[in-house]
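Pasting the structures in now, so scroll down.
Next, two complexes with chain A in common: one pairs it with chain B, the other with chain C.
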Partner chain A sequence: MPEKLTFDAIVVGAGPAGISAAIVMARSGLKVMLIERGRFAGSKNFFGGVLYTHALADVLPDYWERKPPFERPVTEQGYWFLSPDSVMRVMHKSQHYQKDPAESYTALRSGFDAWFAQQAVSHGALLITKTTVVDGIRDAKGRVIGVRTDRPDGDVYAPIVIVSEGVNNLLTQKLGLMKADLPPRLIALSVKEYIGLPAKEVETRFNLSGAKEGMAIDIFGDATLGLPGTAFLYTDKQGISIGVGLLLEEFVHHKLKPYEVLARFKNHPVIKPYLAGGETLEYGAHLIPEFGYDRMPDLAADGVLVAGDAAGMVDALHREGTNLAMTAGRLAGETAVEAHKRNDFSAGFLKGYRQQLESSFVLKDLKQYRRMTDFLDSTPHFMSTYVNYLNDAALRYFSAHGLPKRDMEDNIIKMLFQRRSFFGVARDMLKLLQGMRG
Partner chain B sequence: MSERTHTPLSPEVQATLPNVNVDDLLASIKYYVDEDYAHLWIKDQAVCLKCADKPCLAFCPVAVYKVDRQGHTMVGYQACVECGSCRVGCPYHNIAWTLPRGGNGVAYKFG
Partner chain C sequence: MHAIVAIKQVPDTSNVRINPETGTLIREGVPAIINPYDAHAVELAVRLKRQFGGKVTVITMGPPKASEALVECAEQGADRGILISDRKFSAADTLATSYVLARTIEALMAEGPVDLLLFGKQAIDGDTAQVGPGVATRLGLPLISYAVGVESFDPIARTGVVHRRTERGIEVLQTTLPALLTVEKEIAAIERAPLADVIRAAQYTPEVWSASEPVAFDVAKIGIKGSPTIVGKAYTPPPKKAGAAVKVAEKGVASTVTEALAKVKAAGVVKI
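What follows is the complex of A and B.
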């Protein structure tokens, strides 16, 4: 009978949330096991994407000296509203973004997460890879006291387990923290291609002055066939990340093939020139939990805390997620450290974690945008109606037809109400406002 | 599913979707295939036989699901990127979805 393997804390999943928790706890002297099912931390992780340094700095104040493998700082960002043949661009470029370190960076997760996990190791956490957690272990009173892994004699014990397993939160569900699995209307499926291009090409095509500039664009409208969802185009060091995501329900209902939607987007006359000659170095897919504030699992129970995608900590409107995860992971880690000081791992004490999240941007933002997914779901025409209208109106506005400008303006107003009744527009705007204001 | 009714996509929009050879995309993904354990399986083939729409054939981003001549659903778990779409998206929750054993499955090079 092997000796019972015991740690001060177990973290399930080496993503932004779990690694943040592990760093905080290891730094405080706790004996931490960070369990990752992939071959290395980051090998299962996939995103758009943009990372935000504010959350990283809170976890690792000296992160910059530790040379994180970012791609490019985001020095220009904004929205493209794409109709089938046109685009309206609303972009923001500013000298204020030109900082070392910058506020946000594009990144590729396989490299970034591996680096981030290495920081946990350098703080003293034990990183165990190639190990899948298959269940929690609970005592007679139902308190979580460890996890069962798929290794022989793979039970590991700790008075506290931090579950940061990602969007497919099987363990969270097994532990009874989430009552029901999610419906496909509350989850988005995103597919992405990482397309390799020489740095010089990336810089020329996106009008970047060098490696210290980068662009992050969120794209609405025709990219998703006008259906509820968004697309994105981010510049990397030597390549472009391009992807498209829709509420999973749209793929299911319309029997759409995600890779065809992406290929169609890549072929759009506005998009195609940016990708010309590039080579697809990697394709992948990931779910994005968009169930929001009202459907989150219990974040704390006896001996367990949940953080990151597993708890639905994503602000889809602002394409934020990793920063919410890092912040939640840090707060979970701090709560675990405090619990050790008091030797109290009860739900009653651990619920303090939720209160800290409530007073941070994490749950404040999720609360504010709690109706955003409902907005998308209840106004499925929104993207196509208004994005196409914007482009048609702009075409009319910028074209001179020898028509008095007053007639042109009347025309533009009329074009809107031909597409949607006055009350329809009023209802859509009210819904949008509700989605934004919470 | 939500209560709302979906307006079907117009045939003109449908026609703008290009054909894609998904194998070309899969070739860009690195996998460590567990030959001894299929982490996905169909719970009950009879349910699939009664499913007229078979949306899994479309929405799986790596085309794991195919139908054989008898109408049985075949699961090519080797191509799975573990996104979870089928776990959530199968209208009958007829797909058993587990995690590959430690170290197996997709291993993104870039992510």
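What follows is the complex of A and C.
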């Protein structure tokens, strides 16, 4: 009989949420086991590419001295509205973005998460990789008292388990914290390529003055064939991250293959020149939970807390996720530390975690955009209709046809209502407003 | 029983790319793994330890990063890991590498008796299969290369019977111990390590030996100075063209053979 493996806390999944929780708990002197199924932290993790530093600083105040492997600070950002042959750009560049450390950076997760996990190890957490948690262990009263891994003699015990297993939240479901599996209309699939280019080339193409400048662009319209979804293009140190995400259901419904959507986007006449001569070094795909505020799992139960993608903590509209995850992971870690002080791991005490999240931006934002997925779902024509209109209207506006300007203006307005009825436009705008205001 | 396993950390060649201009491997950003054959050698050592008691020591020469590979061996059940690492070792060919490993093994043999030396049959990055035999030669030990199975192993009588694959079939060889084996993957299937071993390994820090401590290596025999090998050119051979297919039923056997012979002759492959 092997001896019983016992820790003060177990964290399932070494992503931003889990690592943040592990750092907070290890720093308070708890014996923490951080379990990761990949070969190393970050090997299974994936995102578009922008990481916000505010949440990182809350977890790791001295993160800057610890030399995080960022790609480029984001010094110019905004939106491109892409029609099949044109683009309308709304970009913002400011001297205020130029600071050390900056507000946000582009990053590659395989490097960043590995570094972040190393910080947890340096705080005293024990990182175990290549190990998958297959189930929770409960006592007679149904309280979670540990986890079962896929290794021989793989049971490990702790009075508190933090589940930060990511979007494919099988453990969360097994623990009964989420009643149903994830429906495809509430999950997006994002595919991305990391395209290598010399730093000089990246800087010339995006008009950056050096390594201390970088661009983050979110792209709407033709990039997703006008379907509900977004695309992105971010500059890295020596390359470009380019990707496109759609609700999973759209791929199924329109019989689209993710890599074909991305290939089509890369070949768009506006996009193609930026990528010319680059070499695809990585291709990846990942699910993004968009189940939103109303369909989140229970975040706390006896002996267990849930944080990050596993709980659907993604604000897709603002491409935020890692900062929500880090903040939630930190709050979960702090709650666990407090629970140890009081020796109270009951759901009653742990529910304080949810209250803290409710008063932070994490759940406030998720609450505000609770109808965003519904908006996309109920107005599938939105992206193509308005993005194309925007570009056609701009073309009319900027071309002199020898017409009086008043006629041109009438033309532009008429063009809109030829495509969508007055009431249709009114309804779309109302829905957009509802989506934005909650 | 004391088994020493020599391993190498290699780039995961399923991901490896070759720089078309220089012909060298692009190691940047490519994940590193234990050379697959070496991992099976470690597994064999750990199994023998379970059966006969004793210990398993794993040694590797490489950059500081190679320490990760030793930690993985500790997960598999190795007791001690030694990283032989120094800038002076860099750019070593198989001659210099076998010198360093042989001297290291000698130093370990001076600490106490060793029964078995295990190597993978070859490393997947260089594919030379020279280091194991080179070490056996330097140490004057019996060598069994391409081992696929251990029929018997007796650390007390100091003998063993090992199966080895050759082009003609399986050879069954009896050897005295200590002996050096280079192994194929079939030697031992890798089992998933118990959680307790993984936890122990996560807290284990391998030893680091330099070019001067605790073994003072001859600087003329290590690194680039000790490596007479010159790589003229490395390239990916062009894919073989598909051969011509002939429908024998249509042409008849005799004319097919005559035509084929003529082609072979014209290509200068055979003289008839």
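Just so we're on the same page, the second predicted complex is superposed on the first by the 438 of 438 C-alpha atoms of A that agree within 3 Å, B and C clash if a C-alpha of one lies under 4 Å from a C-alpha of the other, contacts with A are read in each partner's own complex, and residues count from 1 in each chain.
Everything that follows uses one rule, which is that a contact is a pair of C-beta atoms (placed from the backbone, for glycine too) under 8 Å apart; a residue touches a chain by one contact, two chains touch by 3 or more.
None of the values given here were measured: they were computed from a predicted structure.
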- Task: Determine, for the superposed arrangement built on chain A, whether chain B and chain C clash or fit.
- Result: fit
- Message: Just checking: does A:T280 make contact with chain B only, chain C only, both, or neither of them? Give me first, second, both or neither.
- Response: first
- Task: Considering only touches as defined above, state whether A:D377 meets chain B (first), chain C (second), both or neither.
- Result: first
- Task: Have a look at where A:W64 lands relative to chain B and chain C in the superposition and call it first, second, both or neither.
- Result: neither
- Message: Going by the contact rule set out at the top, does A:R151 touch chain B (first), chain C (second), both, or neither?
- Response: both
- Touch check for A:K257: first (chain B), second (chain C), both, or neither? first
- Scan A:L248 for contacts with chain B and chain C and give back first, second, both or neither. first
- Chain touching more of chain A, residue-wise (chain B, chain C): B
- How wide is the angle at chain A between chain B and chain C, using CA centres, rounded to the nearest 10°? 60
- Once the structures are superposed on A, label A:F417 by its partner contacts, choosing first (chain B), second (chain C), both or neither. neither
- Query: Given the touch rule stated above, what does A:L127 touch, chain B (first), chain C (second), both, or neither?
  - Reply: second
- Using the touch definition from the top, say if A:P184 reaches chain B (first), chain C (second), both or neither. first
- Shortest CA-CA distance in Å separating chain B from chain C in the superposed model: 5
- Query: Taking the two structures together, which residues of chain A meet both chain B and chain C?
  - Reply: 39, 43, 130-131, 149-151, 281
- Query: Quick one: in the complex, what on chain B touches chain A?
  - Reply: 1-2, 4, 6-9, 13, 16-20, 22, 24-26, 28-29, 32, 53, 55, 57-59, 61-63, 81-85, 87-89, 91, 93, 97-103, 105-111
- Can you name the residues of chain C that touch chain A in the complex? 29, 31, 191-196, 198-199, 202-203
- Item | Partner chain B, residues of chain A touching it in the complex | 37-40, 42-47, 84, 108-113, 129-132, 134, 149-151, 167-168, 170, 181-185, 187, 189, 191, 193-194, 225-226, 248-261, 263-264, 267, 280-287, 377-378, 380-381
- Note on the structure: Residue positions on chain A within touch of chain C in the complex are 2-3, 5, 33, 39, 43, 126-128, 130-131, 149-156, 281
